[in-house]
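Listed after this line are the structures, all set down as structure tokens.
Two complexes follow with subunit A in common, the first pairing it with subunit B and the second with subunit C.
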Partner chain A sequence: MSRGSGGGYDRHITIFSPEGRLFQVEYAFKAVKAAGVTSIGDKLLDPTSVTHLFPITKFLGLLATGTTADARTLVQQARNEAAEFRFKYGYEMPVDVLAKWIADKSQVYTQHAYMRPLGVVSMVLGLDDEFGPRLFKCDPAGHFFGHKATSAGLKEQEAINFLEKKMKNDPSFSYEETVQTAISALQSVLQEDFKATEIEVGVVREGNPVFRVLSTEEIDEHLTAISERD
Partner chain B sequence: MGDSQYSFSLTTFSPSGKLVQIEHALTAVGSGQTSLGIKAANGVVIATEKKLPSILVDETSVQKIQILTPNIGVVYSGMGPDSRVLVRKSRKQAEQYQRLYKETIPVTQLVRETAAVMQEFTQSGGVRPFGVSLLVAGFDDKGPQLYQVDPSGSYFSWKASAMGKNVSNAKAFLEKRYTDDMELDDAVHTAILTLKEGVLTPAEIEDYLQEVE
Partner chain C sequence: MASIGTGYDLSVTTFSPDGRVFQIEYAAKAVDNSGTVIGIKCKDGIVMGVEKLITSKMMLPGSNRRIHSVHRHSGMAVAGLAADGRQIVARAKAEAANYESTYGEPIPIKELTERVASYVHLCTLYWWLRPFGCGVILGGYDRDGPQLYMIEPSGISYRYFGAAIGKGKQAAKTEIEKLKLSEMTCREGVLEIAKIIYRVHDEAKDKAFELEMSWVCDESKRRHEKVPEELLVGAKAAAVAALEEMDAD
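Showing the complex of A and B:
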């Protein structure tokens, strides 16, 4: 006879529920959505300190969606890992290797009771020597996939629907088109036009593999191009 | 295992003598994507569904079937992240065997060691069982072999097996079509048909079979 909900602990630590689910991992996904969009309207808050976009190395960027504190821990460890990789093996850590490392670490938290899963979805981007530009998304369950486009956070499903429509016929976008599609996706989903100071954009591009956060001026140019196009 | 704050096992016996966490792990496996394996006279085939969550996912970045040694491969049903841990540990064990004995590891040995790892996680402190069942396919001196390893750490050799969703349909289909003297090409064909079982209606399958035969 089944013992019901495992003594109630299946909600507190990462053991299986009777349906074979890991509630702690599912709650971690909820925490990612609950973190919400940070408002930068606060006068006393230093806006440059509020960021979700982190350079891991000169060539790898990470966009963290979810609990900021968890994100900072992850970024700190990722930076350390990438630096060690470069030292040990003599070449830059590739995007998929970093993504796998983050995902494998997340998996450990889903299996060992002493650490809870992190409430962060990470999107790792970089330029691979063999495969060109690459984007990977890692979640609290330890899954990671390469993506042509993706989204995370409160309105991720709407954003993914928007992107699916745009990417349906496997178009090849230029750099400007890619950036503008990303910004339009955000605008359409959040249903507001924002100012250049209200969003962050990070890029890598062929010919310039360094991970760069765009300046407010550059974002403004793209916003203007989008509104002129529409 | 070293999770010292949790020096007690999370998988404990229920009054009826069951290890409920393992049963729950099997439920997790049963809701995973279907995978199957067939042992032919001259080889083994393993196959799995690869349904991705969105068309935006780059399918070339996903590889569910993994190589453990040049002559042993593995596929899983259940939680992908857990399977990566087992693949990594198995590869290391195969390599260590190779370094020690200067021979490639026999399939049975690798299966036994992987199963031992899975059993550890049902008894050690502060960890939960793996939410995957593995199908290990290999070819060594003893010929083609197919093993299924469960979250409990128990393993069996199979002529053909299936795991994940729709497993009873798949197994019934395999039982009907399996023959001991099957060639590898037939086995691959049967494997694909079995996976499609979950997608096509019985009438459509009959039509296809008649066309082919």
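Showing the complex of A and C:
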């Protein structure tokens, strides 16, 4: 793989390589994949303190994949921003506005040399007043797109392939089917059965637009339903 | 596994080609070179202990404190660069005071940890700052009971039942895993921690060390304090005895 001949500087701060690439941004993407699975194997660690799902407001949730420390910083800022929005404009910050804000902030890091991009891919979810349930994914480059289904992390490509097959004909899933599709996607790419305590699931649904993390019992029910279905 | 950064390790704002920030990893190495620091969560509180390596015989015992009280109900044990540690402690004290003056109640330990971790993380984002070369074990007792957190130089923090950082952390963690922490009181915890620190202390590499311990528990009325003198003396004696017994085997 040929590296740019820009004298190596393009790899230290975010400037263009001779081919027009931003190496530091590309490396930030690698950091998301490199973060891998958190060290749950440590018996002394309290597992309830390990989470990648963060409520931003009562109605907005954020799933952070990548470097945990960077994710926490992002979450703090996002919470602040969402609270200020609510105060300034008198209504809850919509999902796409939050996603755009996160993306704009990430873009600044790719342009200013004094800060590095955050090694986090964030998926923002919520229930929009006009458009219903919405899911956005923001990455270190400052891109953000709305998705019907998506994935991030080490096995993201396999998960996305799985989801594409399921969502090909634009099906309209019920709530249970949606949750079970997500959990099945995880099962298929990790290729091993996991217990309800080993995954976390966050949902927003019509009729109950509050962002909620499912309890272990609820996850168990879904796991049982999936195995019965197969 | 020591991989050389070669050019990607000069600044904290540089990612390596495999997505690592080497400066943060090097900062963690500074922690690994320090004397062992242990914290455990017992059923009625937290106990923390530090293996203070003595560099000079001229030093007064009791000086060079490694455990600091942050607030009435919480304390921090620092491993790594001591000067960096003082900055973190100062910041934690300021955060705790600020919270209390704004909200009128002592800062919840979880909130304190998040603020301190945020601050540590901040210093991994700008090129004009370097990461803190120290890891912190934070223990406290609030409305939700006793809690133990560890903050790494990367700004990551998790809650633990037992944690160890510094030179002997691997050996210490193995020992801590053997303990039944949920059934132990802090009194017993003090003895256990003393034993562990004496055991993981490397006589060959480092000569003398001083044991510093603190606790925050029901017995100390939920205040973070140094472990009482007689208990500390008893713990040290028990630890030395246990070590001799082990050597005799």
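We take it that the second predicted complex is superposed on the first by the 221 of 230 C-alpha atoms of A that agree within 3 Å, B and C clash if a C-alpha of one lies under 4 Å from a C-alpha of the other, contacts with A are read in each partner's own complex, and residues count from 1 in each chain.
Criterion: contacts are C-beta pairs under 8 Å (C-beta built on N, C-alpha and C of every residue); 3 or more make two chains touch, one makes a residue touch a chain.
On a predicted model such as this, the values are computed, not experimentally measured, just so you know.
Partners subunit B and subunit C, brought together by superposition on subunit A, fit side by side with no clash.
By the touch criterion defined above, A:Ala34 lies against subunit C but remains apart from subunit B after alignment on the C-alpha atoms of chain A. Looking at the shared chain after the overlay, A:Gln111 reaches subunit B, while subunit C stays out of its contact range. Look at A:Lys58: by the touch rule set out above, it reaches neither subunit B nor subunit C. Judged by the touch definition given at the top, the superposed model places A:Arg72 against subunit C, while subunit B stays out of reach.
In the superposition on chain A, A:Phe16 contacts subunit B only, with no contact to subunit C. With both structures placed on the common chain, the touch criterion links A:Gly119 to subunit C but leaves subunit B unconnected.
Applying the stated contact rule after C-alpha superposition, one finds that A:Arg205 touches neither subunit B nor subunit C.
By the document's definition of touching, of the two partners only subunit B reaches A:Ala141; subunit C does not.
Superposition on the common chain A brings subunit B within a closest Cα-Cα distance of 7 Å of subunit C. Overlap of the subunit B and subunit C interfaces on subunit A: residues 13, 113-114.
Per the touch definition, subunit A reaches subunit C in the complex via residues 8, 11-13, 23-24, 27-35, 43-46, 48-50, 67-70, 72-73, 76, 113-117, 119.
Subunit C meets subunit A in the complex at residues 7-8, 10-21, 114, 117-118, 121-122, 124-128, 149, 154-156, 158-163, 173, 176-177. Of all residues in subunit A, only 1-3, 6, 9, 13-22, 96, 100, 103-104, 106-108, 110-114, 136, 141-143, 145-150, 160, 163-164, 167-168 touch subunit B in the complex they form. Looking at the complex, you find that subunit B touches subunit A at residues 3, 5-6, 10-11, 14-16, 18, 20-21, 23-31, 52-58, 60-62, 79-82, 84-85, 88, 121, 126-131.
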